Amino acid sequence: MTDTSVIEAPRSQWRDIWDQFRTHKGAMLGLIVVGMLLTFVIIGPLFWRAEPILVDPDAAKMILGRNKPPTWDHPFGTDQVARDIMARLMLGGKVSLAVGFVAMAVAIFVGTLIGVLAGYFRRLDGPLMRLTDLFLSLPLLPLLLVLVFLYGQAMRNAFGINLGTFFIIVIGIGLTSWMQVARIVRGQVLALKEQEFVLAARSIGTGSTNIILRHVLPNVVSPVMIAATLGIANAIITESVLSFLGQGFQPDFPTWGSMLNYAYNNQTYPIQMIWPGVAISLTVLSVNYIGDGLRDALDPRIRGR
Amino acid sequence: MLTYILRRLLVAIPTLILISIVIFLLVDLAPGSPASEIPLTVPPEVRARILESLGVNEPIHVRYLLWAKQFFWTEPLHGIDAAFGTDWAGDSQRLISYQSRVPVFAYIWQRLPQTLTVIGSAYLLAVLIALPIGIYSAYRQYSWFDQVGTFVSMIGFSVPTFFTGLLMIMLFTTKLGLFPSIFDTNLRVTDWSSFLKMLHQMTLPVVVLALFNAAEISRYTRSSVLENLGLDYVRTARAKGLSERKVILKHVLRNSLIPVVTVIALGMPTIFAGAIVTEQVFKINGIGAALIGAIVANDLPVVVTIAFITAVLIVFFNLIADILYGILDPRIRYD
Amino acid sequence: MKLRTALFGATASLAFASAAFAERGADGNVNVLYWQAPSILNPYLSSGTKDVEASSLILEGLGGFNEKGEVIVRLAESVPTVENGGVSADLTTITWKLQPGLLWSDGTPVTSADAKFTWEYCTHPEGGCAQGARYEGVKSIDTPDDLTVVITFDGPKPNPYQAFVGGTSPILQKAQFANCLGAAASTCTEQNFKPIGTGPFVVTDFKVNDVVTLEANPNYRDPAKPAFATMTLKGGGDAQAAARAVMETGEYDYAWNTQINPEMQTSMAAGGKGTFVNAFGTLVERVEMNMTDPDPALPEGERSTTKHPHPILSDQNVREALSMAIDRQTLVDIGYGTAGRPTCNLVPAPELYASDNTGCLTQDLDGAKAKLEAAGWVDADGDGIREKDGKKLKLVYQTSTNPVRQDFQAVIKSWWNEIGVEVELKEHRRIGLLWRRCGFARHLPEVLCGRGNVRQQLRRHRSRALSRAISLRQDPRPGKPVAGREHQPLLRPGL
């Protein structure tokens, strides 16, 4: 038969995943919410130019403008020293989300590195997995608190107050949350290593670095992506816990966690506490839903059913 | 099995020693040497004397060994003395808190009851809520019960406990005045009325923590049961004509609870470390609060000890989880 | 220092004075809430206000201070003065007479040997006593008989009421602490937690950093006091929760240090369950200025000493301008409400010692600008920051972690920006350092912990609702470097 019936163009794998992802209502909603939040904190400040950190030097005006409920001038109200809460939420969100993404990136980097090395090189497997187990046995939140508390000052001296705090928090969270990723990646690599295409690559003389970069890594992307999503949620919560316990950024410089802590000290106006709390919860909820959706979409057993 | 346990225990020892070194170094090597805190007006020779007395000049391994001796040898001896009235320890130097000059272990002992009651009962409650919800959600997948349950557990999982805690305090304590705002650690349960009082002051923290833990456990339970429901042996059991009740309770449950049990066991150490945040929010002077206080007050012996005991518990419950796995799942062989 | 102690002594006794005619223990139990929990009950090993005040219920000195700053008697028969011969004419000795028949809470008699022992205890070189300053200049203590304590100073002492006067230098029982001298001081847990004293209460149970349970001292010298049979001193939480536990839920009878913002005070007071008591005492929220140069480039030992005056703040015009730019009333309104008052004095009370400066009370931004202008600090390059001789007017302003302080910092920063001063804010969160220092103190000479009243001062400045006022301290004694005093709000030049 020479029937030239239309053969569908081969669909890319990512297209399939996206189609599957789209059917997950929660995940789509989460994606939209996260998109809106990102727009709010990144694009928002370009249009909303209220001052988030400095206080109005005019004492009389400042006193009159304190603790205002939401109005058109201040859609989220003002705080204890008459700063616009919306501006602070934008800046704070930027910091919180940045902490989430960067800390996740650190964790993924360390985790993938260790996972690949352990899975690919037999000799490194034992020691590296011992190390992973060791880290899994450490009491993480206490150690993170100690780390940020004891080493924070050195970092602040080295990089300036806010950048130093940012680095220590990001590094701290990253270094205490890479273990799951490492385990997942190692398992995947162990399985991949035995597959024909890797053998084939090796038999034509491809070096280890190339095999890892070209053949192994692309195949561990999907589990890492799921872990990354959950890692962001985890990092955002951890940062807010640190700030809430007074070990994170200083109250002058807003993050959602430190805003919550600050507002807690001014309980006469509960609304000031609600905003950052809702922002954190909403972000984490959306990110978790995205993670759920990704898991479904990336699981070949479910996909296509 | 026995040899397996023994082997695991043997492996645990070097792990724990490594952990103790890591914790000790982390705290000890922190920048800002004690010297930088001495006022500059102090003449150099006095400064040198001070530094010497701080033990700063001792090499680090000597300092570590000293700490290890106190932790692993002196303190257990004192513990035995206290329990049996012996006098093995003599007047050997115990681990002393910098801040209050109390032996660190005595301090932890004072803090233990409130942490165990509050966090422990929250955990128990969480398990009791989570299991039925998880199982039923999986059994009736996509039903409204499942939808609501999944959503609620997603929320419980995502909303940080300090936020739910603060909301609860604002609503129930501040606005409605239903619960006390300060946890009374002197309250001893001796009769019915003191028991009720205890329940009363425990309610809010227990609810907040239980909600969070239940969310996590029920998610695990649900996915584990779901996985099992699709397996062949369930179809076989049904085909044999067993009642649904029997299929679920006897067959599915047994198999699907295996991973859940390990997850529950792995969560146990948090009971000791005290949900740091929850204790802070609800003003419970437990172990978590002691840890935060010690960190802020630079009370290093307390920080190191609490962190290390938590690590010991984590290792221990890891072992328990593995052993439970073996007992519950005969397919797993320990050779 | 002395005056502040006096006030605390007075507040403590106030609670009992109201029931002067009642029988001992007639009023049952009293619940007191200190949101900063006591961690030890031996004031010689801690300089924290919470610890000193808690132990003042149990331990007493020969004398104390009343709210006016005058010396009153506690264990002594009368206050020795030059007039009554108790203090020698050349001011080198002071002779205290104990009241006869005084008993410790365990029933044994109080003797002058206890006082002498206490001095030895605190001045032991390895003891790490936190109150060594109280015994500074004491050459020897003699006890000619059981009731007489003769303190000899190494020179004339204009204020001889230091040793054994006030809550920070009470008398310890020799019999109980005999084995706790020197390096052993910190290992005497039982003694440090349950000291035997002469005060109105005895410890029955002590949970570290949590609760102290006390009962009336059966051997207290006034048979009618204390009016409370038992007392629970609970610690932990924060100022707000403490205020709420008294003012809203009524779980506690008294709370200390309820520093919360004015709006909340008003709404809580409206509930009618309690009252806020504000005693305007000597605590002054202040900005300290570093008169020495803390430039890290300077060698250690010279940095922050009088050798190098501060490049900016040593100019008095700058200090005055910074002061003029501050609106103290606004700060009071934000942070304290009725619990604070603006003042221009470093020592605003008692009246005996206060002067009547009012010049700083009105903010004068234009005047401040003019002053800087006249002194040669001008903004030549138009970047909004003044400079003179190539030095930019940049300062680092640091304070301890505390919500009210943070607000102040933010507000003051904006005022100073307004007059052309760039300010970098810093927050000092390591309140714990002194603990660390004094924690090691069982090995330390007095030099570290003895002068380490910094923490105590800090606690007081930042935390008492009892007495609040704002002033700007312009001139810390030159020659006293502020390095190491990082806990006080202070200024350093920008680098």
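Just so it is clear, A, B and C label the chains in written order, and each chain counts residues from 1 on its own.
By our rule, contacts are C-beta pairs under 8 Å (C-beta built on N, C-alpha and C of every residue); 3 or more make two chains touch, one makes a residue touch a chain.
These numbers come from a predicted model, not from an experiment.
Student: Would you mind checking which chain's mean C-alpha position lies nearest the centre of all protein C-alpha atoms?
Tutor: Most central by this criterion: B.
Student: Measuring between Cα centroids, which chain is at the maximum distance from chain A?
Tutor: In terms of C-alpha centroids, the chain at the greatest distance from chain A is C.
Student: Express in whole angstrom the distance between the two chain centres, defined as the mean CA positions of chain B and chain C.
Tutor: Centres of chain B and chain C (C-alpha means) sit 38 Å apart.
Student: Cα centroid separation between chain A and chain C, in whole Å?
Tutor: Roughly 45 Å, centre to centre.
Student: Would you kindly tell me how far, in whole Å, the mean C-alpha position of chain B lies from that of chain A?
Tutor: 25
Student: Mind pulling the chain A residues that touch 2 or more other chains?
Tutor: 149, 153, 246-247, 267 - these are the residues of chain A that touch more than one other chain.
Student: In chain C, what residues contact two or more other chains?
Tutor: 238, 429-430, in rising order.
Student: What parts of chain B, by residue number, touch at least two of the other chains?
Tutor: Touching at least two other chains: 174, 295-296.
Student: Please output the residues of chain B touching chain A within their complex, sorted ascending.
Tutor: Touching chain A from chain B are residues 15, 18-19, 22-23, 26-27, 30-32, 154-155, 157-160, 162-163, 166-167, 170, 174, 269, 273, 276-277, 280, 291-292, 295-296, 303, 306-307, 310-311, 314-315, 318.
Student: In their shared complex, at which residues does chain A touch chain C?
Tutor: Against chain C, the touching part of chain A is residues 53-57, 59, 62-63, 66-67, 80-81, 149, 153, 161, 246-247, 250-252, 262, 265-268.
Student: Could you please specify the touching residues of chain B with respect to chain C in the complex?
Tutor: Residue positions touching the partner: 34, 37-42, 44, 46, 49-50, 53-54, 93-94, 96-103, 106-107, 110-111, 173-174, 177, 180-182, 184-186, 283, 285, 289-290, 293, 295-300.
Student: Report the residues of chain C in contact with chain B in the complex, numbered from low to high.
Tutor: Touch list, chain C to chain B: 33, 37, 39-40, 45, 186-189, 192-193, 205, 207-211, 213, 232, 234-238, 241, 244-245, 248-249, 251-252, 300-301, 303-305, 429-433, 435-440, 443-445, 447-448, 451, 481, 483-485.
Student: Write out the stretch or stretches of chain A touching chain B in their complex.
Tutor: Touching chain B from chain A are residues 26, 130, 133-134, 136-139, 141-143, 145-147, 149-151, 153-154, 233, 237, 240-241, 244-247, 260, 264, 267, 270, 273, 277, 280-281, 284-285, 288-289, 292.
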